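One chain, chain A, links the two complexes that follow: it is found with chain B in the first and with chain C in the second.
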Partner chain A sequence: MSLAADAFVSQIAAAEPWPENATLYQPLKEDQILLSDCASSLAVQAYLRMCGLPVQVVCRANAEYMSPSGKIPFIHVGNQVVSELGPIVQFTKAKGHSLSDGLDDVQRAELKAYMELVNNMLLTAELYVQWCDDATAAEISRPRYSSPYSWPLSNILSYQRQWEVRRKMNAIGWGAKNLEQVYEDVSQCCQALSQRLGTQPFFFNKQPTELDALVFGHLFTILTTRLTSTELAERIKSYSNLLSFCRRIEQTYFEDKSS
Partner chain B sequence: MGTVHAKSLDPLPMHGRDLGINNDDLMEPPEHEQESKQEILENKDVVVQHVNIQGLGRTKEDLLGYEISDVFLARNLIDVMKKAHLARQRLLRLGIFKDVEVLIDTSEGTDALPNGLDVTFEVTEIKRLTGSYNTMVGNNEGSMVLGLKLPNMFGRAEKLTFQFSYGTKETSYGLSFFKPQPGYFERKYGHNLTLNMYKVTGQFPWSSLKETDRGVSAELSFPFGMTNHTLKWEGVWRELGCLARSASFAVREESGHSLKSAISHTMSVDTRNSAIFPSRGALLRINQELAGYTGGDASFLKEDFELQLNRRLFWDSVLSLSLWGGMLYPIGSETSCIADRFYLGGPTSVRGFGMYSIGPQSEGDYLGGEAYWAGGLHLYTPLPFRPGKGGFGDLFRTHFFLNAGNLCNLNYGDGPQAHLQKLAECIRWSYGVGIVLRLGNIARLELNYCVPMGVQSGDRICDGVQFGAGIRFL
Partner chain C sequence: MNQIMAAAMELRCWGGDWGLPSVHTESLIILAYAKFSGANITVSPVDWTWKTITASVPELLCGDSAVQQPTQILNFMRKQRFNADYELTARQGADTMAYIALLEEKLRPALLHTFWVDAENYINLTRPWFASRSPFPLNFIVPSRHANIALSRILLTKGEAPLHRISEVEGRIYSDAKECLNLLSYRLGTADYFFGNLPTSLDAFVFGFVAPLYKASLPSGSLQSHLRLLDNLTRFCDNILQVYFNSDHLCPPPPVQDTMDANLQKLTQLVNKESNLIEKMDDNLRSSPQHKPHRLEPKPSPSSAKRSTPA
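Here is the complex of A and B:
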């Protein structure tokens, strides 16, 4: 589709209100989904809940291939399909729902910088632990990733994915790192986030933004997911304000709705 | 008698040839006829004592024995020439010799009979490895195709072919190994084994679907009475994806990887006199495929048949009736995959409708159906006023056609009565007239004027002129 047509479609989309039957697609929760995908999916769910937009979560074994960008998660709203947090934020903004409208230019720049930090550090670290740490890859990632497929497709796909991620790690210079260095990077990222948060309820004062959703998605998932080692979660647990931040968002946006 | 080159029968005198054709009657030659033949051709009763093959390199001699053994049965010179000529053609058909020359000479040596002949085949083998390359442009894509062929791999006409296509968008390859049963080189009559390994990519715009298949298959074909059978196992890794971002969600839901392992059996009887423009005879082909019992994600039973009857009428016109049908029965809780379902419509099936554009669809993307039938009644006639008769004009036919068909999904909980009712409602049909061009003996082109009828909402029609090419026709 051409750019003009794309713009036209998104304008039409803007005119339509948020439908009741909006759906979020992610891999199978019990057997398949991996830490990084789970974190991204949770971030989008948190964001939509903060916006007050209802969405139904559907698990599909082929969610990754259904997604137009090949990334988890994606939402199906009306006849539009949008994947990943960034484009989804843009999409909801076009429909008149935004959490960052009240921010000034400096804050908006800061918001962008911190979101990049989280994506570059936490998400990359999650991918590294999943696929580059041999023990985790063999015991958790590969079996889970390939669980919906039968042999020999299961082996082909999981090794293909592992090879892909490792190639990406080499490209961004993470290939030479060891696990300890990655944990150290996570610590530094958490320290930066912890300092920015301080004693505020959210990163930008009293109102949550997409940054809060993103940080919550990643930290909460790391804290609650069992890996071969608890080191990653331990690093986060040393920042008490981040822990209480996670607990606060969980209570505000996830426990109220479900009860 | 000197040396006779029997490379072809053409230089022989006309009457000699006529006698040769009658030689079935001469198998036990009555003295009478023999004498008259001696007069005409200065011939006599002969015995083929030796058949030699010269120029063999890696080809095994036992393979050729089957092809040339008939030569020993010849009883006179014409017969020897005829049989040697046939043997030469059979040798060439193996596809392992560049050239074959036949040399017929009187026998020499200690055991030579006075009327003994020696036949010598001088063969030139094809190179161990042949290659080709070409470039193709089309469908918004350019590609380079590289082909390699080992025509005589182990010396018994085994063929190994490899084709690699490197395109601007897609690469594909195919590796195929063919092992004929010695003496039955033609696929139709022998127990032939074919092994394949391939990767192909297909784009199906009517479904907004892209499919990449990587697979291996083993195929055994053999005759049984009048019928030919093919047993096949195929293991395919299929990757489905959307062709465009605008693809309907129903197609998007089918994206991803799956593994199909299927055994299939095809039975066919073909008594037609030509595959493209038959004037008499019938074709029946029944195909069944069982997927899932040998592993893989897809499990279903698929039945499919094709029937064609031809009858010659007055003035070289031919009436042809065809009927197709098929059913896909998913086994277990899984629903059928979009790649396994049937599709109908287009210039080579139910004419007057868009390519595969009949039946269930979602946002303009056709999803296929689990059951279908289609029938066609054609009247083929030569071109009006018969221009180019006996030559170029015979590549063409005009035809009047009446096509009908239906494609739908069945609710397998209901009985057969309900299924038939479902298949009988909303029948699409069309009629029209057109010109058919035969391309070789495998494909044909059609230019038709069609009038589609019974159009259902969602069907894409082609009202008026429709052009089509293909190898399978309703």
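Here is the complex of A and C:
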């Protein structure tokens, strides 16, 4: 969508309140969804719960193809379909719900910078581990990604996806890295997040923001997903304040379901 | 611990122009960091050598080891005790990582596009510059190879499969880049450097990304005009050039700036505050000429009114 169309749509979005039947689409939870998609989806769910906006999670095998940008997750609200955390945050802001209004300019700059850090490092590392590491790709990613489809479509789709991700990794310079370096990068990223969080309950002290949702989504998913090796989870576990952060958000927003 | 090795560091990088020690972002980052941390490195530009195609630029050679990629090179220099960041707190170190990620994700695609993909800039500025600095017959190969790499990088990271067309992502990457520049401007505020009174690696990265955009004479530069409106960033670049690179070619801000009056400054602040919506409309703005310095009102010609003077 061009920018002018985006602006037009968000003006229309601002006119209507949040409906009751908003839905969030993601791939099948048990069989199909992969680590990176699950992390992004959980981040969006956490964000919407923090805003207090009700949303139903629906699992569909073709969620990736229904999405307007090809990325998971996407939400279907009223007449609009919005995908990915960034546009969803802007969309909810247009409707009047925002978590980062109380921040001043410098803090907002920090917020955006840390969100990019998570996207740049954690998400890329997740993609690398899933698709560029041969063991994981063969045992977990390819079978899961193609599970709803029969042969030969399953083979074609999974290898195509793997090829795409590997191309992207080569373009940004991660193709030359080995697994150990990727784990090291994840450690550094977690160290930065841990230092930023310190002893505060949330990243920007009292109130959760979209950064908290994003970090929670990624860390919680990595901690609770079974991969071929537990190295990734171990690296995160060495930062205790991040662990307690995840637990706190899980308890506050995900366990007391009042719907 | 080879202290002797520390003295013999050589950096292979692209040469300088437009008042900068190097026109290449990564090379500039390392040159700036070396100055900040007081490291003595000999600069050997790859211009006019076959290394333009065989070597990966920039590359730091120290004794037997060769290090590539700016982050690796900076780590290597830190291990050699050339550390510009030792006064930073842990949290500031974390902030550094975050802002560098912001630069990479939001600003780099637009910079690549401005220099290598935008047809006017590429044909009039970038390609002649790189072609003139490469020996025959590489002058046919080197620029187009860089341009292809730049285009594929933009499409792979920002393009939405399966529609891999550059026109659809252009608007988005430019608005992201403008927002990134605004955020950097807010963070810098009125200070000379990002953390206190001494420059650090973050300053080196920001300088490396922003300085070529600031100084190059781009025929079509909407991002450049946006940057020129952010006084503190341009002052930041000039300050570093003056203090650390002793440049005599300190170009004073182009005379266009002088004719921008206070009204335009206020408008700029409004735009920055309402950045979301207005940058969305930027698609339309980009196609029309921008910021023409014609605020001079025509002086009313002295009216020689014929007055009937009373006799």
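Definition applied: the second predicted complex is superposed on the first by the 251 of 259 C-alpha atoms of A that agree within 3 Å, B and C clash if a C-alpha of one lies under 4 Å from a C-alpha of the other, contacts with A are read in each partner's own complex, and residues count from 1 in each chain.
Throughout what follows, contacts are C-beta pairs under 8 Å (C-beta built on N, C-alpha and C of every residue); 3 or more make two chains touch, one makes a residue touch a chain.
Worth saying up front: this structure is predicted, and the values here are computed from it rather than measured.
Because the two structures share chain A, they can be overlaid on it, and in that overlay chain B and chain C fit beside each other without clashing. By the touch criterion stated above, A:L157 is placed in contact with chain B alone, chain C being left untouched. In the superposed model, A:R167 makes contact with chain C only, not with chain B. Residue by residue along chain A, chain B and chain C are tallied for touches, and C comes out ahead. Once chain A of one complex is fitted onto chain A of the other, the partner contacts of A:A113 are limited to chain C, with no touch recorded for chain B. Touch criterion met: A:Y65 reaches chain B, while chain C stays clear of it. The superposed three-chain arrangement places the nearest Cα atoms of chain B and chain C 9 Å from each other.
Across the superposed pair, chain B and chain C touch chain A at no common residue. Those residues of chain A whose C-beta lies close enough to touch chain C in the complex are 2-4, 6-7, 10, 69-71, 90, 105-106, 108-110, 112-114, 116-117, 119-121, 164, 167-168, 171-173, 188-189, 191-193, 195-196, 198. On chain B, the positions that touch chain A within their shared complex are 237, 240-242, 244-246, 249, 252-253, 255-259, 295-297, 363.
For chain C in complex with chain A, the touching residues are 69, 90-91, 93-95, 97-99, 101-102, 104-106, 149, 152-153, 156-157, 160-162, 168, 171-172, 175, 179, 183-184, 186-187, 189, 276-277, 279-284.
The touching residues of chain A, counted against chain B in their complex, run 1, 60-62, 64-66, 68, 76, 79, 81, 149-153, 156-157.
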